[in-house]
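Each of the next two complexes has subunit A plus one more chain, namely subunit B in the first and subunit C in the second.
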Partner chain A sequence: MSKIEVMDKTVEKVIIPLKQHEGAICTPLVAKGDKVLVGQKIGDCNESPFCASVHSSVAGEVISIEEVPHPNGKRVESIIVQPDEEQRSVDFVKQDDLNPSELIEAIKNAGIVENYGVPTHMVLAPLNKNIDTVIINATSSEWIQGDYSDPGDYASSIISSLKILMKAANVSKGAIVLRNDDAESINAFERTTYNGEHVHVAPLVGNRKIDYYFDDMNTDIVVVSQKPMYGKSLFNLFTERVTGRKVSKTCDPSDVGVAICGLKSAKAVHDAINDGKPFYETVIKVSGAVNTPQRILVKIGTPIKDVIEACEGYVGEPGKLIVNGPLTGTAQFTDEVPVTKDMISIYVQNEEDMETLEAIECIHCGRCVDNCPVDLVPARIATLVDRGRYDECMELFVMNCIECGKCSAVCPSKRHILQLIKYAKVSLSRVYPDAVKESDSMHSSCMMNGGQ
Partner chain B sequence: MRFTISAPPHKKTGLTVKNIMWSKVFALIPVSIISIYFFGLPALWILFASVLAAVLAEYSIQKTFDQKITIRDGNAVLIGLMLALIIPPEAPFWIPIVGAAFAVIIGKHAFGGLGSYLFHPVLAAWIFLMIAWSEHMTPASFPYADQITDIFLENAAGFLVEVSPIALIGGVYLILRRYLDWRIPLTFTFTIVLLALIFGENLEYLVTGVLIFGILFIATDPSTSPVTKQGRIYYGILCGLLTFIYGYFSVNYGYAALYGIFLANCVTAFLERITFPKEYGTPSIFEKSYITLKEKISNRGIK
Partner chain C sequence: MNTTTILIQAIAALGGLAMVIGIVLVMASKVFKVETNPLVDEVLDVLPGANCGACGYAGCGEFAEQVVEDNAPITGCPLGGFEVEEKIGGILGKEVGGEEEPEYPIVHCKGGTNCTDRFNYIGVEDCKAVMLLSEGEKECNYGCMGRGTCVRACPFGAIIIDENKLPKINNNLCTSCGLCVASCPNDLITLSAISEKVHVLCNSHDKGKFVKSVCSTGCIGCKLCAKVCPEDAIKVTKFLAEIDPEKCTACGDCIEKCPQNTIEFRD
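Take a look at the complex of A and B:
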């Protein structure tokens, strides 16, 4: 693994969106002309639990508070800070010996957000639900050692993060899931110790899910490995594979008592509790048509333009700027957008690498069927959507689609299957708002047949 | 700086329909060359006339109906080449021309073009030629592998494709590269060999170029085979069964393969319909019985 570069150049301005999570937007705590310090809280939640505070990543002067482009494609109210020469920070206080509810409050105050947008404290302590297992998902390729340069350091600090997360969620079981093809991480974990014993990385095979290993090893933390999985909305599938608990489509892992955290938020929690540092910097993988592709530690709010500059600029004329991976990521219309908390990677495509082939007729080769992780027939659904026959799509379980984009990626006819499916899902949810309502009433049943 | 925006995914496979079609054409070139070597000029004329007629037919029909000209995708060339390979070398000069034109115009375009046809155009054209001019379409003799060298170079006459079963090995390579589906050829071969063993059929009869050609190239055609995973398995089994029934009673596995696959094409849509996958997360019958069994055992343990 390459080492992590640190971006220490002072940028012209830093854009900190007040909404970098799903849920309510923060209210600014500062006004134009105010001086802020590194790590100072500048946006706070108004009583809403589904929210995460934002902090300034630089010391400087607030030059304006206005709506500017956000990586999700919309315009979001943001605080724009002009950094000073001298970077002074607030005093970071180490927070020890907290009880679970204080820990949750500390995580909320540190503004930690999962990479799929949900604030971490909501994952650990969802409303009206009981969590009994915390899982750190280290299977997605972007996350492996993403924030660490040394595998040994990675293994030990992830285990200590998991301990904090378990304490915060007030549970006695925690698991770390690695990918089975990542020998480097597996070796690193096997070399670390937990409770004086060597960690053993167990494979998830057949019926041997994590519950089996909890009993077998007689421990409260297990490290397991499984096939790599990607996609933000695959958590139900992930939960089933790891714990053996089925999560139906209208439920989420918390309904069966499972909290899933990403590596990035696990590290942020570790830093927030052990060093008192709020979530104001993150590691981003920059790849594609840039001169020095690298992993780089940047301050949240740094415009992408400056991150690319830190990677010594574009190679040739850039065609597409994609945030968060080429399969499910969002293409940006400008490189003035800031780095946000949920950003993992930046991928630059040149003009000639862009997909420009025209879609032709479906030849029924069935590649989309072979690749669909949720057993759909994307080819048939796409054809039906194209003709506006949405109800028939519903019968083919189009609402189960997790929008991973594999069907479009493997299609030899280059059909825009994912786009058509998304279109059908939006249209169907307009026609049948009940489908959404149903999910609320279903939650009680989720609890009954799932969980313990 | 200007950036392009578009919906994800931003990176797609390099595989295109064009690649698939042309790679099939290339996989059939060895057998074509051997047939020219073996049968001489008549074979060359049949191959040339059939491909040319198919391409011209495609061009003229797309021009007439003001459609986009899609000759470059290789589908017309493939249809022409495949049809030529199942014509006997003694056929009169106009047979490949009429056949290829029929395949493209009626077999392919009358049913809606690429991806929409119900019957494989090559099979439709072959059956048309067979019924209309059976005297010209019947080869001088029907070869089968009675000695080991026949696998490499067949001595009897037959269709062009029957000169060398081993020359069709390119199809296996395409399956390994995942250009062709693997379920259909596997279940097809398995079914037919199994039935042959059960009924004591001479396995030598099965090693004919046309049967192997049918298994590797015709049965795997994406448009005429089901799109679901299970459906493809059933389709392969059905192809094997129908081929064996015809072959067992006529001792002509070449014809059997072509008629068998043609009949299996008829039920493709039905197979697809009955094998649509269940909603994700629905336990299968096997899983259900496993769960109940496990519960029973654990209940007994408590008692």
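Take a look at the complex of A and C:
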């Protein structure tokens, strides 16, 4: 595992969007001309629970509060801070002995957001649902946040963050899921101990799901490994593989009592509770046409161009800048957009690597059908959307698309299938307020499938 | 068996069959007769028959039924206009109002190629699909994207995208149905009577400095038009001039004064 570089250069200005999560936008707590410190809360939530606070990642002066480009493509109200020479931070207070509801409040106040945009406190304590198992999904390769001298430290800190997450969700079962080809992480966990016993990384095979290992090992925390799985939004399938509980198409893991957290947010919760440090820095993977592709720890709000500069600049003339992966990510029209909490990676393409072919007609090769992880017929749906026949798309379960982007990537005609599907989903959700539920042919209730 | 017998037998068999089926059909049409209001057919005859849906019903047939049942107003067909209204009024014995002036759509944007792009867009050719990715490829968030959603919305082929990447409306083909107005994601198209001659062809509420930097024909909110107007018909709200059609006398002073050439006489 390559070491994570730390970006410590002071940048010209830091742009902190007031909305870096799904849900309501925060209201600014500072005004133009105010001095802020590292870790100071500068944007707070209103009543809406679907919200995460925003903190300053640098110390300096607020030079303006205005709408600037955001990586999601929209203009979002952001606080622009000009860093000072001296980076003073607020006093981080360690928070001990909190009860579950205080922990949830502390996580909300620390502004922790999952990598798919949902605030972590909403994952741990969803409205009107009971959680009984917390899973840390460590199958993705966004490894660790921060600098560990020893892989064992990494493993034990993940275990201790799982304990915090379990306490916050008020549950007695927790699991860490690794990838079975990620030998480094498996070794790191096998070296640690929990409750005086060596941790054993158990493989998920056949009917041996995590519930089997909870009974077998007589413990409240298990570490398991499973086959690599593509698609960060494929949670329903992930839940079924790990817990054996079926989640029907229109429901989400919380309906069967499972909360899934990412590695980044788990580490952020650990820092927030043990050190009192809010979520203001994150690890970004920079790859493609840059001089030193690397994983780099950056402060949230750093403009992308400064992150690229820390990677020693572009190779040649940059053609395309994609945030969060080449398949599902968003291409940026400027490198002035800031790093946000849900950002995982930055991918740079050269002018000559870019494909700018016109989309032509579908040749019915069926590659998109072969590659669709949720068994849809993307080509047919895309054609219907193109004709404006949205209701027929709904009959083909367009709302179940997880927007992984594989269909567009494999299409030999270069059709913009993903964009058409996204367009259909937006149009349908405007007409039918509960389009996801209506597209379910079974009209089944989520709670039927072994829910709480 | 000779040819004549075969012929007679065949004619007799088929003729008999035809007779039996004929009787059955006549019986069926008597027994299963559906009572329809003859007025519906009469109204349907005078409707344009384009099935455009601009009335809000599934087609001319449904509109005819609804108008006979008094669920829809006789003015409901925007396509037929006064002529059809008069005819329907005659059939149903309803009072017909005065003739209204026909309204034609106006596109409130002169940007097109005059407005700078933020990025190269390669994707689905549709304004609403462009809107999914950021707020469109144009620097101006209010302007026309020229991807032709209105062109596809128009059932009469009255809109084309011209060489400036802006929609152009052919008033001879236009039937004032208003489908283009509903289709525009930036709400740039409005219907206005032909007597309203002067229009501000911009929809941008951005600050003047920003508009000037991205678009050579956008309204910068300089208020020169408001000052020069002898009738006091122009108001500038949020960096955008608005003309009050009641007061405007189409003198053309504002058109001459406008530094960005945003205000124009309609074609």
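We adopt the following convention: the second predicted complex is superposed on the first by the 401 of 452 C-alpha atoms of A that agree within 3 Å, B and C clash if a C-alpha of one lies under 4 Å from a C-alpha of the other, contacts with A are read in each partner's own complex, and residues count from 1 in each chain.
Quick note on the criterion: a contact is a pair of C-beta atoms (placed from the backbone, for glycine too) under 8 Å apart; a residue touches a chain by one contact, two chains touch by 3 or more.
Predicted model, so just to flag it, every value in this text is computed and none were measured.
Judged by the touch definition given at the top, the superposed model places A:K74 against subunit C, while subunit B stays out of reach. Legend: residue contacts after superposition of the two complexes on their common chain; A:A409 is shown touching subunit B, with no touch to subunit C.
Of the two partner chains placed by superposition, only subunit B is touched by A:D375; subunit C is not. Looking at the shared chain after the overlay, A:T330 reaches both subunit B and subunit C. Put subunit B and subunit C next to each other and count what each touches on subunit A; the higher total goes to B. Look at A:V431: by the touch rule set out above, it reaches neither subunit B nor subunit C. With both structures placed on the common chain, the touch criterion links A:Q419 to subunit B and to subunit C. Subunit A residues in contact with subunit B (one complex) as well as with subunit C (other complex) are 73, 330-331, 333-334, 416, 419, 422. Put simply, subunit C touches subunit A in their complex at residues 118-120, 122-124, 126, 128-129, 132-135, 141, 152.
Taken together, the subunit B residues at the contact with subunit A in this complex read 1, 3-13, 15-17, 19-20, 70, 73, 113-116, 181, 222-223, 225-229, 232, 276-281.
Those residues of subunit A whose C-beta lies close enough to touch subunit B in the complex are 73, 240, 246-249, 318-322, 326-335, 347, 349, 354-355, 357, 360-366, 369-370, 374-377, 379-380, 396-397, 400, 405-406, 408-414, 416, 418-419, 422.
Only residues 69, 73-75, 330-331, 333-334, 356, 358-359, 386, 388, 416, 419-420, 422-423, 426-427 of subunit A touch subunit C when the two sit together in their complex.
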